[in-house]
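Alright, structures below, take your time with them.
Consider the two complexes below, in which chain A is the common component and chain B and chain C are the respective partners.
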Partner chain A sequence: MSEQVMKTPTPVKDEDIRLPWLVRARPYLIILPAMLLLIGILYPFVVGVYYSFTAFNFKVPDSQFNFVGLRNYVRMFTDEDFLYSTYITLAYAVITTGVELFLGLIVAMLLNRDSRVAKILTPMLIFPMIIAPVIGTLVWKMMMQPSVGILNPILNFVGLPSLEWAAVPQTALFSVTLVDIWMFTPFAAMMILAGLRSFPNAPFEAARVDGASFWFTFRNLTLPMLTPFIIIIIVFRFMDSLKMFDIIFAMTEGGPGNTLMTYQLTAYRTSIQFQRMSAGLPYAILLYIIIYIVSMYLIKAWGRAQRRAAGY
Partner chain B sequence: MQNERTQNRIVAILSDVILILYFLFALFPLVWMVLVSLKSGPELFTTKFIFTPTIENYVAILFGDARAAAGVVARQEFPRNFMNSLIASSGAVLISLVVGVPAAYALARYKFRGKEDLAFTFLSFRFAPELVVIIPLSVIYRQLGLYDTYFGIMWVYQLVTLPLLIWVLRSYFEDISPDIEQAAMIDGYSWWHVFFKILMPLVRPGLAAAALLAFIFAWNNFMFPLVLGGSNVQTVTVASLGYISSAQGFFNRMAAASVLASLPQIILALSIQRYLIRGLSFGAVKG
Partner chain C sequence: MAELRLEHIYKTYKGGVEAVKDLNLTVRDGEFLALLGPSGCGKTSTLRMIVGLEEITRGEMYIGNRLVNKLEPNQRNVALAFETYALYPPLSVFDNIAFCLRARSVPKPEISQRVKQVADMLDITDILDRKPAELGGGQKQRISLARALVRDPDVFLMDEPLSHLDAAQRSHMRVELKRLHAQTGRTTILVTHDQLEAVAMAQRIAVMNFGVLQQVGTFDEIYNRPVNEFVAGFIGEPPMNFLPATPVREDGTFLLVAADNSFRIRVPESLHERLERSGAKKVDVGIRPIHLEVVDQPADALEEIDATVATFESLGEEGQLAAVVGTQTVLAVTSPLLRLDRSDAVKLRLRPDRIHLFDAATQAAI
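Let's look at the complex of A and B:
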C-alpha cells in the first residue's frame, strides 16, 4: 500500500484524506502486540491493588471478596517493625548506591588512562555483574562460611579477627551490602568510563595549558560533564537496591531474626511464604509508590543535566 | 622537569596498584569459585591454593555420581535445570523480539498521541518492584493453569526482557536517519521491504546485542521462577539455592554447578562487549 501512497502526487501525506486508514493506523497497529502484552501485565497489577483492600488469604476460600478497606495499610503503618523495615530498606539502598558511585568513579578514572594494566583489566570489569546475583551471592556465602570459607583465613592472615558475617545482626547489613557493592560497582564504573571517553578533548587541553590543578579540572569540568551519567547510575542502582531481593534472600532470607527484612523481603515472606496475600501487598505497593516518585524526579533531573551538559 | 617526570611515574604506578587491588576484590570470588569446583572432597576443607585439580565435581553434576551419598538431589537435577533456564530465557527473548521490535520502531519513528507515556510505561516495568505483579500473578496463574509452566515463566519474563529490548532498540532506530527510509520509499520500495531489507540490517548488531543481554537478564532472574515455578520449570538460579542448603560437604559440587550456570552469560557478555554500555543503560548512554 505504500506504493499507493507514493503514487499520490501531493507531498503532504499526513493531511491527505484519501490516505488508506491502514496507513494512518500503522503506528497503532505496529505497537498493538506490545499493548496487548502490556495489558497482560497491568491486569495483575490492578488485581494486586484490589487484593490489598481485601482480607485475601490463599488458604481461606473466597476470602478475596472480603473487602476490608484500608485495614492492611493501617496494620502495616502501625506494625512495630515497620519503622525498622523502612530504615533497613533505605539504609541498604543509600549505602550501596553511594559506595558504588564513589568506587565506580575512582575505578573509571583509573581505567581511563594510557596504561597497559588498565587496558588488560577493562574487559574483566563486567564479570561480577553478569553472573546471576543469586549465584554470586552464594559464592560469597561460601567464602564467608566458617569451615570451608576463605574470608576469615584472609582476615586472620592480615592480623584481623574472624567475623561471623551474615550470621549475626551486627555484621549482616555489612555482609549483604558488600556483595551488592562487589556486584554492581562495575556497572557504575562502566557508565562513568563511557562518559569520560565521550568528552571532547578541547576544554581539558585548555585547562592543562592554563596549568589548572587536577582538583580544579575535576570539580569544574569533569564532574559537571559527568552529571548525566551519574544520574543514570543513581536511577538504576538506587531503584534496584530499594527493591533488592536476590542478594538478601540468598544470603539470609531476611535474617538473622528480622535484621534484613526490607519492604521487599517482608512482602515476600507475608504474601508468598505465609500465603497471606493481602497482608504483604501494602509493602510492595508502598515501595512501588516510593520508586515511582523518586524515579520521576531523577528522570527529570537527568533531562536537565543532559541539556546543561550539551550546552557546553 | 626531571622532577615532574618522576612524579608522574609515581602517580602512574600508584594508579596501577590501586587498580590491581580493586580487580583482586572484583575477580577473587570468581577465581575462588573455579578453584573450589576443582577440589576433591578431602581438599575442600583446606585453604590451599595449590592442589591436584579434579573434574569429578563436574562429572557428578552433569552425569550423576553413583558413589555420592544419597539425599543430594541437586546434582542429578542440574542438566534439567540448565535446560529449563535455556528454554524459558530463549522463549522469553523470542516473544519480546516479535512484540518489541515493531514497538521500538513505532516509538522511534512515528508521532502519535500518548507515545512518551507508553514508552515510560514499558520502562516502568523495569523499575517497579516485581512483587506488586507477582503476588497476584501467583493466584491468577493457579486459576489459569499457568503455574509451573514454561509459558507462564516466559510470559512473566517479559517484565525483564521487553523494556530492555524496546528501549535499546528504539535508541538504535533513532540513530538511523529517516531520510534513508524516505529515499527507498521514493525509489518505489514497499514499507515492508524498507523495514526488513534496509532497516533491519542496519540495526542488526544492536538488535543481536540487546537480545543477548535480555537473555542474560532472563537467565539471571530468580524471583519469578521462585514464586511462579515449581519442580517442572525449576531454573538454575532457583535450584542453586538448594545446592547450598544440602550437605556442606558438597560445596565443591555447588561451585561446579555455579561455574556451569555462569558460563553462558560470561561468554555472551564478552561477545557483545561493544554494545554492553548502551544495553545496560537502556539506550541512555551511547558507549
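Let's look at the complex of A and C:
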C-alpha cells in the first residue's frame, strides 16, 4: 500500500486515439463506387435538365449558354404533333403491357403442371429474350416484307388478305406491338410461372375439397396471390415500353410519316438527328416524370398487394 | 351423411413406398372414428385418399353406396380440416369460411348466417374481418375447423385438429367437437397420433402402423384385448411392459419362466387353453404399469417377481416406479406415498387377470 500512490489519470487527448488513416478513410472508400456511379447518373441528368432551358444546338457554338427559360417546354406542349405523340407513346405501352400480361398469364397457367410437355416448353420460353431486340425486329421486318416475307403467305393460306404491315399507318402500330409482344410475353409468363410455383400447395388442395371450380379458385385465390407478380411485370414492361426505342427504330424509324413518333423517338430525332439538343430534351424529361410517377404508384401498389397476398 | 367403406385399399407412392397396405375399414353412418397411429403409419395417406387428394393405387372406396375412386374431391362431398390449416392467405377469416358456400352459389343471407353460426360455436366472431397471417396457431386451427364445419358434408375429416391448441383450448375443443358430432350425427373421422384425443372423442378407434391397419374397436376392446404387441404398447400411458418368457409345465403347474431366469409366474387359468393351442415356444408377457403392484407381504410366489428399484418418482397423485427385473426394466404405477430408494429390493405382483400373452415370434396376442 505504501508504494502505491494514487494518481489522477491524465485525460486522454483526441490525438492519442487517432486511428491509422486507412481505417479512418475506410467508410468513404466503401461508398466510393456508389458515389462514382451516382455522379455518373446525376451529372448527365442535371446537365440534361439544364440544357432543356437553353437553346443548345450542336451547330451553334456556345449556344449551351444561351438561356431561354421555358421556351423549349412551351414549344413542346404547343407542337401540333405533341398530343399524337403522347397518344402513340401511351398506346404502345398500354397495348404491349396489357397483351403480354394476358398472354403471359395464359401461358404460365398452361405450363404450371407436372407434364412432360411443360418440362420441354418451359426452358424454350427464354428463346425470344436471348435475341437482341434490334436483331429480333429486323428478322420480323424480313418476315413482314411483302415480296419475300413469310407472314403474308401464311395469312393468305388461312384465308386472310395480305397486310402491308409497318409500311402503312393503319397497321404500323400493330406491327411493332406484335414484335414487342412476341419478345416480352415470355418474360411475363416466366414471372407468373415463378409466382405459381412459389405458392404453397395446401390452400389449393383445400379449395378442391371445398368444391371450388377452376374459375372460382382462379378469381378468388390464384389471382389475388399473383397480384404482386403481376404488378412487377407491369412495372418492368410498362416503364420499358414507355421508353421503347429499339423495336420502333429498327422497324420504321418512327414512320411511316410520324405514325410511330413516340416521345423517345421524337427526342432522339430532334436532339440527335437534327442536332437541336435542347429542343428534344423536354420530351425525355417529360417521359422521365411520367415513368417516375407511374413507377412510384406501382411500387406502392406492389407493397400493398404483397401484404394482401401473404395474408395480412 | 353416409357410410364410408374402404375395401382392400393400397397406396404406393412413386419410388415404391407403400404407405397403405390392404386397408379394410368401414366407418358406419354417423359414427365418430379415430384413425390413430404414430407418424408415418399411413393415416394421413388414408385421409388424403378419402378426400380425393391422393389417388387410390388399388382397392375400392365407397361413400354411401357410391364408388368414389375416380371422383374429384369436389364430387365426393367430404370436408377436411387440414393440420396445416391451409387457409386462403388473401382472404379474410369470414371469406375463408364462406369460400365453399360461395363456390356452391349459396345465397348471400344464408352464407352470412351460417358463417356467423359456426364462428359463434368456435368463438372466432371477433376476428372475422382479420387476415390469416395476423392470427395465432390456435385461431388458425379453429378457422380451418370452421371452414370444414360450415359445410354439410357426407363425411367430415379432421387431420390432427387439436395439435396446435394450448391445453385449455384443447380440452374445450374436445368437448365441443364431441358435442357437435352428437348434434349433427355426421360421419366423422379424426386422424391423430394422440391416444387421449382418440379416446376422448371417438366411438371407435382404428390403430394403424407401417401402413397396416392393426385393430379397430372401441377403446375398451383395444385397451383390454389388444391384438398384438404394437397395439398393446401404443395404447395406454405409461406403455405396457413386455417381459420375454418361456411357457413350461412343471409338476402339473403351467409356468412362465423368464428368458433370463429372473422370475417364474403361473400362467393365469384363463389363458391355459389359448396358450396351449397357440403352440408358442416363446412368449412376451405383457402387463400394464397400473396392474403391477408393489407388495409388502409376499403372498403367492408364483404371482410375484423380484425387482430392484431404479428410480421412483412421486408425482403427487401417483408414484412412478422404474424397476429392474433381470435384464429388463419395468414401469409400475403405484401409490405416491411409497418410500423407495435406488437399489431397494421390491416384490412386484402381476395381477393374474390382467396378464396379456403375446407370441414372441409373431407378436400376435395369444
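Operating definition for what follows: the second predicted complex is superposed on the first by the 282 of 312 C-alpha atoms of A that agree within 3 Å, B and C clash if a C-alpha of one lies under 4 Å from a C-alpha of the other, contacts with A are read in each partner's own complex, and residues count from 1 in each chain.
Following the convention adopted for this analysis, contacts are C-beta pairs under 8 Å (C-beta built on N, C-alpha and C of every residue); 3 or more make two chains touch, one makes a residue touch a chain.
The structure displayed is predicted, hence computed values, not measured ones.
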Residue contacts on chain A - larger count, chain B or chain C: B
Partner chain in contact with A:A309 - chain B first, chain C second, else both or neither: second
Touched partner set for A:L196, first chain B, second chain C, both or neither: neither
Contacts of A:A301 with chain B and chain C, given as first, second, both or neither: neither
Which superposed partner A:V94 touches (first chain B, second chain C, both, neither): neither
Partner chain in contact with A:V68 - chain B first, chain C second, else both or neither: neither
Partner chain in contact with A:A132 - chain B first, chain C second, else both or neither: first
Footprint overlap on chain A, where chain B in one structure and chain C in the other make contact: none
Contact set on chain A toward chain B in their complex: 1-3, 5-6, 26-28, 30-31, 33-35, 37-38, 40-41, 43-45, 47-48, 51, 56, 58, 64, 103, 106-107, 110-111, 113, 115, 117-118, 121, 123-128, 130-136, 138-143, 145, 147-148, 150, 153, 182, 185-187, 190-191, 194-195, 197-198, 229, 232, 235-236, 239, 242-243, 245-246, 249-250, 263-264, 267-268, 271-272, 277, 280-281, 284-285, 287-288, 291-292, 295, 302
Chain C residues touching chain A - in the complex, by the definition given at the top: 51-53, 72-74, 77-80, 82, 84-91, 95, 99-100, 102-104, 131-134, 147, 151
In the complex, chain B residues that touch chain A: 12, 15-16, 18-20, 22-23, 25-27, 29-30, 32-33, 36, 44-45, 47, 95, 98-100, 102-103, 105-107, 109-110, 112, 118, 121-122, 124-125, 127-140, 155, 158-159, 162, 166, 185-186, 188-191, 194, 216, 219-223, 227, 236-237, 240-241, 243-244, 248, 251, 254-255, 258, 261-262, 265-266, 269-270, 273, 276-277, 280-281, 284-287
Residues of chain A defined as touching chain C within the complex: 200, 202-203, 205-213, 216, 220-221, 224-225, 308-312
